[in-house]
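Mind looking over this structure? Questions follow.
Residue numbering begins at 1 within each chain, and the chains themselves are lettered A, B, C and D in the order written.
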Amino acid sequence: MGKGMVPNLLKAGHQLSIWNRSPEPLEEMKKLGAVVVDTPQQAFDADVVITMLSDDNVTRQIVIDSGALASAKPGLIHLSMATLSAALTIELSELHEKAGVAYIAAPVFGRNNLAAAGTLNIAVAGPQQAIDKVQPLLDMMGQKTWPMGDQPVQAAILKISANMMLGCAIEALGEAMALTQSYGIANESMVDFVTNTLFASPAYKIYGPLISQRTVEQPSFTLRLGLKDCNLALKAGEAHDVPLPFASVLRDNFLQALAAGDGGKDISMLGVHAIKRSGQQ
Amino acid sequence: MGKGMVPNLLKAGHQLSIWNRSPEPLEEMKKLGAVVVDTPQQAFDADVVITMLSDDNVTRQIVIDSGALASAKPGLIHLSMATLSAALTIELSELHEKAGVAYIAAPVFGRNNLAAAGTLNIAVAGPQQAIDKVQPLLDMMGQKTWPMGDQPVQAAILKISANMMLGCAIEALGEAMALTQSYGIANESMVDFVTNTLFASPAYKIYGPLISQRTVEQPSFTLRLGLKDCNLALKAGEAHDVPLPFASVLRDNFLQALAAGDGGKDISMLGVHAIKRSGQQ
Amino acid sequence: MGKGMVPNLLKAGHQLSIWNRSPEPLEEMKKLGAVVVDTPQQAFDADVVITMLSDDNVTRQIVIDSGALASAKPGLIHLSMATLSAALTIELSELHEKAGVAYIAAPVFGRNNLAAAGTLNIAVAGPQQAIDKVQPLLDMMGQKTWPMGDQPVQAAILKISANMMLGCAIEALGEAMALTQSYGIANESMVDFVTNTLFASPAYKIYGPLISQRTVEQPSFTLRLGLKDCNLALKAGEAHDVPLPFASVLRDNFLQALAAGDGGKDISMLGVHAIKRSGQQ
Amino acid sequence: MGKGMVPNLLKAGHQLSIWNRSPEPLEEMKKLGAVVVDTPQQAFDADVVITMLSDDNVTRQIVIDSGALASAKPGLIHLSMATLSAALTIELSELHEKAGVAYIAAPVFGRNNLAAAGTLNIAVAGPQQAIDKVQPLLDMMGQKTWPMGDQPVQAAILKISANMMLGCAIEALGEAMALTQSYGIANESMVDFVTNTLFASPAYKIYGPLISQRTVEQPSFTLRLGLKDCNLALKAGEAHDVPLPFASVLRDNFLQALAAGDGGKDISMLGVHAIKRSGQQ
């Protein structure tokens, strides 16, 4: 994701120090003018640091355990663009406040190609003054910023909820296809209809055809990651006594797909398994 | 629904005999040139009869028990545009075939105003020759016809499945709002975001704001009818051994809403109850 | 079931006219002194008629459509011992009342061998005076009668609910075994433990070992019948706005087992499928 | 729980050093001859240490973080009798092995009064040699020991699974009562029947009447703890790709009860909420 974002920031004339756990992906950006640094600490010695880390564990390791936050430049603004748990986001908010660093959660919606085109959607939450300062950066990376409040967890929960809704759309598509297919309707006809009428939106237009064609050569998002995101919703809900029966069904169905050995396959397989459960191929 | 359709058919120069259980709604159409008849039998004494009856029971009564089908004009084409069960549609197909009447299922998608504007979407299934003959009528009533096969049940199951997906979208929206609201995000902000990004489609654009505003003065579709439609999906699935875990959750949640006395309220209340289950208003 | 009951009634000196759709099973009872009659009507020409019919459809056919109820002997008491739906039981209650025949629902708990031993448990509901009259018969057939009220549907719903609880016990056992087995515990050890401690009751003692051994040569109760009973609970619940989330899960799991071709296998396979869903044998 | 166990061990002539986070409960045992020590380390300076700690967090704190395990007497056997997660049990097994301490998981089934009477059921798993050595102690505390294997997690998962089954029994009872009650059957009659026939076991005999009477003055096990245990099952299942649809339903129903403010009430309220969802009191 960084690969797509960095050029947009450099083009705007910003000075960029970049760090990654494996240095290979940085070569290209180095050529574009970014300065490669050796440690997270060096990256946190700036006016603004943007992090895009894969999950809670990595974030905890890089931001807290490495000492990066503890040695951050005074006045730093930390713009965290990954999908993190509600609990870690709250913990990070508190740790950053203690460290005198402004923490902004700004998870992104869209895939790599949107990042490169600068057309991501970005939810944002955190201290308003800090958001105002980084708004120009957000405008470079995304087509639109969606403010969700002054607590970083609010942007995190929006991202988590939208991902949950995406899982629900895939399951609903799969169940509906299991039903129509059992009455002899081709999946393509069914998908063509729903995605051009009531459900004419990206979520359904992306996943309808993927379920229909059954196999995805290069998964951009695996079932295993889908389960991880589903658990983020369940955990965040549990913290506030929010029952989420649809997410519970998703969780069990993800597990059944994993038990069948499909954990590394594309998340659209969640819908395919809804069809398989009915004894159909 | 007929109110919206009849003028379009009359405008096209067709001669129309109309019948309704309660005669009041027919007055207006009479003025436009339709001939009011006294019995279903008279309506079935035509080249084409279009039925739009509220459910299985009424359809059984009007089409079969009244003797209308038995005394139908030879060569009649019956265009059934209501949402009926898969089982009754199969039974009607067989009874019509025996009676020498072509039976076409052509359930519509859209509300009354779309019917008046002639911009409904219409799924259609049945004998191809008969469909070809009524295609000009379908083109007058809808903006697009979606052919689903030569067995009427195929159009019925598409309608049933799409309604099931709609229920799933409402529940998913409700659960997601329960989650985001519990973290202090206004429902409006959440709905604004999802319906302008991943879920920018009619289903979500209609029901997101309705859940958000909590009350709907004049329900266009009640929870009780939603439960009826959900049961159509469950029944049709059961006939073909298709498990539908999302529909099962919907069914229980519809019942919980009915138990709370909300059966007559708008189906968007399904999402509101997802929020209430979390102890929030 | 009748095979086990009839001898007990004859032994007590009662005069018995018996009827069955297929006459073969009656030969044996004929030898014991029962009089075989040719029609349901003849069976309904008595002081008391006991019916044990396989389901709603057959009951409707034999009791109503055949004219048996209409031509019943004045003052007849009808003791219906099958598992019937709540809706049909209510309908039968009304029809019997109109016909001047006392209708008692007295579904039995136990298998054929208990019937022969006269150790069934019998739930009973209906007009108290009529129950008093047939109490001696109930005492011959069962070890204990459990009065549930003066409306026949009350005995029907008790039976339906107990069957639902049985399905729940099987599913719970299956899920728990899936879990313990995945950590290397033999199913037998797990079953031995639970059925000798917290769950030391017939339901668990019967089904724990059956799930554990995976295959049952001669199913005494099939998955398909299990689904039928599960639907009796869901339907009865729906009539009173009672959500039954466990029964909904059972329904979907029954369907998944049917879709896998196991409909004719023993109901204990419901638990086996809980294990299979986890990718284990 | 310790209160009930300690006297049994002292009576047998064992020398006991005891430690508790709050010292008050120890006074009584001191009088019986136990030696109160000041730190966990002192308790781990023995031939055998028995721990009965409330949950994962407390166990981690007392056993690991306090340094007790690190400074344990060589050859120590640690008999852990609490209900702990599968993951922590595996982690503890590894840490103990490294520290040269035998780790045995021996979770108990039964309440305080059974502990005092020495009639608990005890599941046990761990190195066989160590189990052999502590068997006399287990015999003093419980009426029966149930060996589950040589990996401590096997006893942990049995306890977790049995607790899950208990939750399922409560939910099933609640749903069945919602159904029978809606048809006018008193909860007491229903419970009387099921707990004397198919479900004549402690689980149902304890919880049936508690649901029936609705309120429990002094909860011995709260809904909040029930949710914690349910999560232990879901987590343990997830680690091995085991879907647990019943446990998922339980989780959502626990949360709904917590959202209604009932977290501190007795776990039997899970069944009461099944009744409330149907609009009944």
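Convention: a contact is a pair of C-beta atoms (placed from the backbone, for glycine too) under 8 Å apart; a residue touches a chain by one contact, two chains touch by 3 or more.
Just so it is clear, the structure is predicted and the values come from calculations on it, not from any experiment.
Engineer: Mind listing the chains that sit against subunit A and also against subunit B?
Structural biologist: Both subunit A and subunit B are touched by C, D, going by the contact rule given at the top.
Engineer: Select, from C-D and B-C, the pair of chains that is joined by more C-beta pairs in contact.
Structural biologist: C-D is joined by more C-beta pairs in contact.
Engineer: Give the pair among B-C, B-D or A-B whose set of contact pairs overlaps with that of A-D by over half, matching residues by number.
Structural biologist: That interface is repeated by B-C.
Engineer: Computing the C-alpha centre of each chain, which chain sits at the greatest distance from subunit C?
Structural biologist: A
Engineer: CA centre of subunit A versus CA centre of subunit C: separation in Å?
Structural biologist: Chain centres of subunit A and subunit C, defined by C-alpha means, are spaced 52 Å apart.
Engineer: Using mean CA coordinates as chain centres, what's the gap between subunit C and subunit D in Å?
Structural biologist: 37
Engineer: Which whole number of Å gives the spacing of the CA centres of subunit B and subunit C?
Structural biologist: Distance between chain centres, rounded to whole Å: 38 Å.
Engineer: At least two other chains touched by the same residue of subunit A: list those residues.
Structural biologist: Those would be 237, 241-245, 249, 253, 255-256, 259, 277-279.
Engineer: Mind pulling up the subunit A residues that touch subunit B in the complex?
Structural biologist: 86, 109, 121, 123, 146, 148-149, 151, 153-154, 157-158, 160-162, 164-166, 168-169, 171-173, 175-176, 178-180, 182-185, 189-190, 192-194, 197-204, 233, 236-237, 240-247, 249, 253, 277-279
Engineer: In the complex formed with subunit D, which residues of subunit A make contact?
Structural biologist: Answer in residue numbers: 227, 231, 234, 237-238, 241-245, 248-249, 251-253, 255-256, 258-259, 263.
Engineer: Which subunit A residues qualify as touching subunit C in the complex?
Structural biologist: Within the complex, subunit A contacts subunit C at residues 245, 255-256, 259-261, 277-280.
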